[in-house]
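Sharing a structure with you now.
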């Protein structure tokens, strides 16, 4: 069964996740879909399963248009998806997860089917284990088996190999190829070019919700990388006048849980005045590192040292960090940093360590007005935070930033900003803050990291795979390190 | 030890006293398993008790009375469901307001029927009564509500553990988004769970006014039971068997509290009567504490340990209290 | 409206329980209705469930004020628990007359002159109840469902026991030790869930532990309802409710009879005195009209036989009542010991009204708490 | 503004319609019922002052609840906090050897705040330390407080001679809070209620604590970034809520019942929960809604006297108000989304 996406577009409010995407995937093949974080890959796939509605366009199967309003309809057409974020039920057992959504069968038959399938794919799954005790990879294996069991004919795999060991891959890949050879239509979403290259016969690259590249095997990697991450910008001469001084932040062999794989064997030292970019695929460990430094996550092993003080392993760590003039700006602003229903001047009232009992509304309003002017926020002091556009929310956060910060931790600082606002943010961070301030930031945009940082730390699956000054590395080297290709790192 | 009750009689009284509570708590379990907290229980029990008594009195039919109780419960379930599942309002707020509203509505509408004689459900002899040993005869001579409650425990246990529909319902309570992704309709499933659950709560209320504490009046005698049922669901870790055991424990405390009066003559009688309520809730807190560690580790290797783990670990459905909004 | 109030004599009735409780409050309510019938121009206004659990935040003085504003000239408060409120209201409204049922404020010289007390000598009714129970029981176990522990309830329970003891030893000639008389207190005059013991459960426990007659001393009819349920299930049990002539109607088949109050006589006395301006502060403790016990006009205390009483008991009970009436049977006379074995009455001694009114504890032979 | 008045109109219609329906089912005259409730609440100064004496504790409980609702806590334990406040007050009033009534009353005032506050702290501690949801901790503590007060009334603090449901012995007259001649409501009570209202408004709208509570209620995760520990503020808010409820208990003892009775809280805690929900958590509306609820409570006494109806109708109206308000809110949100 061939699938044709025709002029698909999707808006989330004002965010254009997909614009005019047209693409055909043929049965009997494995079609790769690649792109940087937030390119729109998952959204496109969720539209195909009816999990999300589309804003425009058509979906054709074998040439005839079909309606996909919910996953039930999609599964009737034989469409099944392995979601990127596991869509399963952690408190239930493997067998129960396997049976949910499958056609009705007796328990014994179900168990038998599951066992046969695990053997066929070389997986090791105990049907009675609770899913919460499994790794993400194992959870994806269950989903995969379930989809195959459900006689799926159009199989969508959104990053199926995130937690799968090389040995399991060796079992999985031939099985997938076998399935394709049997006539199944497989759509594979991945960041890992090696995998795509070894499995797919065709690849489509998405960037900012549009198709930027389409290729048949064999693939030319640099071409794909450019299509994914944009043109490789030339190295500008950096005119940083930042003073690098003594070490202020130390990770001593830290281990912590968080994101997908958490963080292991993390040893990092940050000096005064350094700008460090944290690169890596989504969830590879950058955010955990930032949160550890901000005292918002507690290490399981090892210590985090700030300005010579070891952070306590308790809830007071974040207050301790803030006392030491450490600031943290999370990516999810409304969820983690702002109060949706509170006005801008209220936010200014909350800021800082004033000790007075009363708050002066006038003063807060003045502060808010000044902030709005200085940071060109489009809004009034009485507006609530949720009324602001994403870009203006980020400006607000910067306006709220402690101006005496000695260490600024930013998660995706230009998320949702247009190019000019992004440049403005960086200008502010680099030029208005004291040159002794150290900046640690993560970003899915490789260009941004290469452009603004002095040093780059690359994460892969919870480990640091590269830690180099920006001059000693290249766009390609970082990109390959991010995707976990070992040979390219040397 | 406990007054002059012999052991079989004690068991029989505990069974009889716990039956309506079991039915109510299981109704709530059903709703909560699907992710919806129905906090209105305390009022709904009274409202359905009143409705059941009035209908039974007017028609002379116990069956119609029980049905009326069930449908009165279901009516409130419609409100809880619509407000929380379709309007996405706070389940706690809706339930609490409804609890107070239903209680007063029951008192208001039931006033003309207070303290009049109406039909009551009687104990019936079990089959093969005459060949049973006498202690079993005593224990098994019970009103039908007791058998219904016990049957319900097993039915619900079977439903949750072995049936496909039960699995779907549980899955919605754990992760409605994932259920949706697998082709289920979480809102519809939740609505059904709430309605059937509320129907059971109504039956439980009817069991008070038609069997355990026959008649209607202010107070009816079932006041405060709804809150206890809510606590029992947590106490029972959302597991039908354990919920039922909890209800029996509560009934035991109530029945034996009367006998304790003679053992501790210095303590006012009223204290023994209030005691089961806080005791119940503090057992719950204690359980919470003692299982917290093991829940965190949560690794049970062999099947026996798994069995023990399943028996004693209590865990709320993951998505409880949040209704699902489709994107 | 004030002219209408002058033509009519309006009196207010505050009832502690529901006016249709088939017990204490309903007995008062019906007496008020009778007054309306028999005293021309009289009109009752009433409010029931006057207790802090049912009417939170509402106090007696406020309700009195409301009744007074509606023209009430005399106010009756029917519960011992209203003592403080009635006294306070009486002081606030010196020109309105107050009757407090079951209290003894009027005995206190400092209490306001517009406040009188009224009570019935229910001791006799309870003696008859106890008598009927002992005549009926086959197991020799009688349960007494008591409200809360105070002087009034202790003397009523004791009277009941004395009646039962008399029947058991003097009529049936059985061994005193073979009679068990057990008192269980629920904590209030009627059930308040989570606060009092559940009377339904207490009655069940009585029957389950072998008692076959339960005498109720509380305002509501749970004991009879349970007995009726048990009887329908085939058990040979009976119960005796309390307070209200019609109480048997909630479970006629299991009803042995009911000792009840006729408040009409007392009400009429005070109301006529008020109308005729002959009011004086009184403490009135009215007994049965032995000549015609069931005359609602003249007898304050009475006993109504129920369906479940057999004819032999009926005749014996009539003889017993006659004995009580002519003084040939006097149960509060020595030798009598208290529950703790201390002496209450020596041989040959007979208790005074005040000794009975202020009975400090239960009697020897009774089981159950005295404090 | 226009939308608000439209909402109020719609809500009133819903409430009126539902109540009328209930009355019709009960076979009662609809208009006469409403009229009697109205007259029962406002027909005379005595009635108005009785309304005020219900208004005072309702206000105190509601003001307390505003704090916890700000922090997004469901302080259902407020009933027990009123009870413990009353017990605290009574304990102070029973201290022997203090001659000066004003001194004892002041002591009782603080003891009641402390009693309620500590009871709140217990529920808060169960939440932050024990992970027990505040609804269940609070309910359990309500029952414990109920058991405790019963034990006191029937045990150590019982009336000489007879223990009774009617409570402990009456306080000496000089410990009754005084009223204006002809009024039933203690002047001090009204002053305390108004003062607490103003203080609450100041605290929540003008102090840094108020804004921090609001922040924590909205987004405890984000509050961490503003050097604000949710746990600390959870505890603070529930202590203040308990304290305010405790003051209501103090007034119930010294101004209304003049003794300790088992149901001293009179259900005002639960009623205040409804009230605050109805207000949409806005302080400005609370005094008016409290007046509305109080007048329903008091006015409904006329139903049994005049029409032989059960006065539970007031509760039906109150619950219905909240549900209607929720319904309108829900429908608005739904329309906004689509």
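We call the chains A, B, C and D, going by the order they appear; numbering starts again at 1 in every chain.
By our rule, a residue touches a chain if its C-beta (ideal position, glycine included) is under 8 Å from a C-beta of that chain, and two chains touch if they have at least 3 such contacts.
Just so it is clear, the structure is predicted and the values come from calculations on it, not from any experiment.
Looking at which two chains touch through the most C-beta pairs, you get B-D. Annotation: 29 Å between the Cα-based centres of chain B and chain D. The distance from the centre of chain A to the centre of chain C, with each centre set as the mean of the Cα atoms, comes to 79 Å.
Chain B has its Cα centroid 45 Å from the Cα centroid of chain A. Mean C-alpha positions place chain C and chain D at a centre distance of 37 Å. Chain contacts: chain B has residues 218, 266, 268-270, 274, 277 touching two or more partner chains.
Under the contact definition stated at the top, the residues of chain D that touch 2 or more other chains are 143, 146, 150, 154, 163, 262.
Contact with two or more other chains is made by no residue of chain A. A complete list of chain pairs in contact reads A-B, A-D, B-C, B-D, C-D. Of all the residues in chain D, the ones that touch chain B in their complex are 22, 25-26, 74, 76, 126, 130-132, 135-137, 139-141, 143-144, 146-147, 150-151, 154-155, 163, 262, 270-271, 273-274, 277, 309-310, 312-316, 318-320, 322-323, 326-327, 329-331, 333-334.
Chain C meets chain B in the complex at residues 18, 20-22, 49, 53-54, 184-188, 191-198, 200-202, 204-205, 208-210, 220-222, 225, 228-229, 232-233, 249-251, 367-371.
Taken in their complex, chain D has these residues touching chain C: 40, 44, 46-47, 50, 53-54, 57, 143, 146, 150, 154, 161-166, 170, 184, 256-259, 261-268, 297-298, 301-302, 304-305, 311.
Chain A meets chain B in the complex at residues 49, 51-53, 70-72, 75, 81, 83, 87-92, 96, 99-101, 104, 107, 128, 130, 132-133. Within the complex formed with chain D, the chain A residues making contact are 296, 315-316, 318-319, 322-323, 328, 330, 335-342, 346, 349-351, 353-354, 356-359, 361.
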